[in-house]
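What follows are several structures.
Both complexes shown next keep subunit A, but they swap its partner, so subunit B is in the first and subunit C is in the second.
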Partner chain A sequence: MKLLTHNLLTSHVRGVGPRGFPLRLQATEVRINPVEFNPEFVARMIPKVEWAALLEAADTLHLVEVPKGPTEGYERDEQFLRKMHHVLLEVDVLEGTLQCPESGRLFPISRGIPNMLLNDEETET
Partner chain B sequence: MAFRGRRPEHGGPPELFYDENEARKYVRNSRMIDIQTKMAGRALELLYLPEGQPCYLLDVGCGSGLSGDYLSDEGHYWVGIDISPAMLDAALDRDTEGDVLLGDMGQGIPFKPGSFDGCISISAVQWLCNANKKSDNPAKRLYCFFSSLYSVLARGARAVLQLYPENSEQLELITTQAMKAGFTGGVVVDYPNSAKAKKFYLCLLSGPSSFLPKGLSDQKDGDEERESAFTKESLCLLHRVPHRAARRGMVRKSRDWVLEKKERRRRQGKEVRPDTQYTGRKRKPYF
Partner chain C sequence: MHSKSAYVEGKIFKELQKLINDDPGSWLNAISLWKSLLELDAKNEKLSQESSPPLKRKVEENEIIVAKKLKTEQMQELQENRECQLEKQTGEETLEQEDFITKREDFQEEEFQNDVEKAIVGHNQKDLTFRVSCRCSGAVGKTFTAQEVGRIIGIALMKQFGWKADLRNPNLEIFIHLNDIYSVVGIPVFRVPLANRAYIQTAGLRSTIAWAMASLAEIQAGALVLDPMCGLGTILLEAAKEWPDVYYVGADVSDSQLLGAHDNLKAAGLKDKIELLKASVIELPLPSESVDIIISDIPFGKKFKLEKDIKSILQEMERVLRVDGAIVLLLSEDHHRCLQDCEESGIPLNSKSSHIDEPGMKKCLNPEGENGISETASSSFQASNQEGLDRTSPFGSLVPVECYKVSLGKTDAFISKYRKSHSSGL
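Entry: the complex of A and B
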């Protein structure tokens, strides 16, 4: 699971709503995957990024060189975009858990796939 | 997939149907791969994404990642959600570029509002129409899916869902829930006159109404309505109202009545014998 996905994922447990974001990340196995750099795509995703959540996740994974926020004119700043590309798309969490901040519910990550299946009581009515 | 006999949804839930054996077909069977890839291509076409721009897309019922790979090949980035662990295992083996999640679309799409530039789904949404547990309510699950989909799409983004509706009632159930969730759009039907090639694409727009693309067809006829459009105000399957009026004037069992009934069944997507000079002719008394 890439950090870009984590940054957009929320908990959909019943009654949680917007308080289900961000999911607290715990990782036991992480892999770095080289991914082709596409500056246009990275630049388009920057406005969608929730920086506090990203920095928290990067901190948990002990990542270095993570920009603290979008710089002025980031669309043309290749260094900035390359750093963001690495953080968002090349860091892959293989094993770990995601925790709903409101309900405490744990979603396990196995082989890079988060299990978001809810049981009957947790489903929205 | 089109099946000669039973529909797979009648046999049980999708996570059991799509086991290792079924997953293997999606990886090995070239005909399967070909059909799924073609449908992914058509769905992406109907998504009308801005030219040359890499987008962030959702693939509902991504399975083994066949459609996702097509999106990657076109330069897009995607996230897939599927309920079958066996199919997702196949996706891992195929090393797809997009992330995949294990999840149930009927429980909602667990993403922040406005996350995606578009959504495609190939051969998945009809699974929501059958209740597999006593607690399942298809209408509620459909609504939960559509309302969360509406939320996770960016404003003005589209969703193109290829599906196999069992009958027109099922299609209506699906479109009604989509409308309730705030979508506009309609159903595009490709090759409506072919039992095998006929494909339904539910094209949804999360924003003010715009044009509805034309379905593909072998013939050059312009008269037959191949799409049904719906807005928030009313659901209108375009051939419905005039049809009922025409039927009232008809004598039951007459040749005209027989031809009309066959036409109706064709529109419902059922297999109908072609009309010939013998259709509805007067038979000898002993018949």
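Entry: the complex of A and C
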């Protein structure tokens, strides 16, 4: 699971609503994968990033050199884009958990795939 | 009775012969085009690297097709796929269109065949071996069997060009497909089905359909594309190969499917482009309005309790989709019918829309080639039905844009596209 994905995932436990984000990350196995750098692609992702969630996750994983937010003219700032590329796309959580901040429910990550399925009692519908 | 059928037989016989004898030049043009495409293919094989899109896309140039011109590229692709695979699979992605009117004597080359007007008669054509494969139904099929038609054509070809017939391993294969709606004569360039993919370990949905769906979705660079029932990941694989600068997410409830998808991604070298989640389509762990495009193959089969399930699926898809985002779905005939009924029942009786939704409905059954028509129909549909739709139908803000019937071999299906017109407030 990449941090770009973590940045999107929310908990749907019943009653939690918008407080199901962001999920608290715990990782037992992380891998760094080199991924081809595409500056235009990264630049397009920047406006979609939830920064607080990203910084929290990056902190948990002890990542360094993580930008705190978009800089002025970030689209042309290669250094900035490279750092974001690394944080968002090259860090892969293989094993760990995601925790719903409101309900405490744990979602396991296994082989890089987070399991977000809820039981019948937990679902909203 | 007897003399009438003999008359009809004789007439058809003559027509078939005229196919070859009236205009041998265009046959020879086609052959030389076919030869040059094979050379091109062989050259590209040597040069090509791993990730360059294979020549499956170049199919446009390879056939003499006797049909009226089609407007959108997807339809062309689907039609060409059909021609190419006549021998191997039955009823490949055919499109039911009234546009398939044909004149058998009229060999018109497609608009995208560029410059093949040179009649290379002096080509080394005498050493060509060939085989004719034929399929007949409808009126022609009642008079002659496929083998008989094949033989008539074959003999005429031998007489005209001096080619030798070889049923086992010919150089040149000629397909003839005759029915009441169209007549097609074609020469396949590729010897394997178009849907074959080197990069797929375990195939799910036929790749050509997956590609067609992805191209309908209008994927832009930097988009977030979701397949909430991704299965083995076929749709995402096709999309990621063709539109790489995009963030793809696939979700499924089944461990075994996700494992298969994982293997497929790895084999295709696309592990970096496609993320997988274990999640349910009716409970997506994503914020509202966070996804740009949704493409999905809605599972067919009786285990899906039609109306309730498809409604909750669409509702959740609508929730996570951005305003103006697109959804492209592959629906079984039953699902499609069910959704059409929902559309109809969602229209309040007092609205003036009843005459407007006609073109919208018809669009699904007889898709027009013009995008202009579909847009007007759906926007007028939308304008007059907004309130009614929000309250009564499961569609909410999803507006049907276009839909195409396709053949999956044994069954038919519909590729349906929707757009989210406004925020649904969910």
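Everything that follows uses one rule, which is that the second predicted complex is superposed on the first by the 125 of 125 C-alpha atoms of A that agree within 3 Å, B and C clash if a C-alpha of one lies under 4 Å from a C-alpha of the other, contacts with A are read in each partner's own complex, and residues count from 1 in each chain.
The definition used in the following text is that contacts are C-beta pairs under 8 Å (C-beta built on N, C-alpha and C of every residue); 3 or more make two chains touch, one makes a residue touch a chain.
Bear in mind that the values here come from a model prediction, so they are computed numbers and not experimental data.
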* First (subunit B), second (subunit C), both or neither: which does A:L61 touch? -> neither
* To do: Tell me which partner A:D120 touches in the superposition: subunit B (first), subunit C (second), both or neither.
  => first
* Asked: First (subunit B), second (subunit C), both or neither: which does A:M45 touch?
  -> both
* Asked: Who does A:L94 touch here: subunit B (first), subunit C (second), both, or neither?
  -> neither
* Considering only the touch criterion stated at the top, classify A:L106 as touching first (subunit B), second (subunit C), both, or neither. => neither
* For A:V30, decide between first (touching subunit B), second (touching subunit C), both and neither. => neither
* Kindly list the residues of subunit A that each of subunit B and subunit C touches, one partner per complex. => 1-2, 5, 8-12, 21, 35, 38, 40-41, 44-45, 48, 89, 111-118, 123-125
* Complex contact set, residues of subunit C against subunit A -> 221-222, 224, 245-247, 249, 253, 258, 262, 271-272, 275-280, 282-287, 290, 312
* Structure fact -> subunit B partner, complex, touching residues on subunit A are 1-2, 5, 8-12, 20-21, 35, 38, 40-41, 44-45, 48, 50, 89, 111-118, 120, 123-125
* **Residue ranges of subunit A in contact with subunit C within the complex** => 1-2, 4-5, 8-12, 21, 33, 35-36, 38, 40-41, 43-45, 48, 89, 111-118, 123-125
* Asked: Which bits of subunit B are touching subunit A when the two form their complex?
  -> 53-54, 56, 75, 77, 79, 81, 83, 88, 92, 97, 99-104, 107-112, 114-115, 133, 135, 140, 144, 148
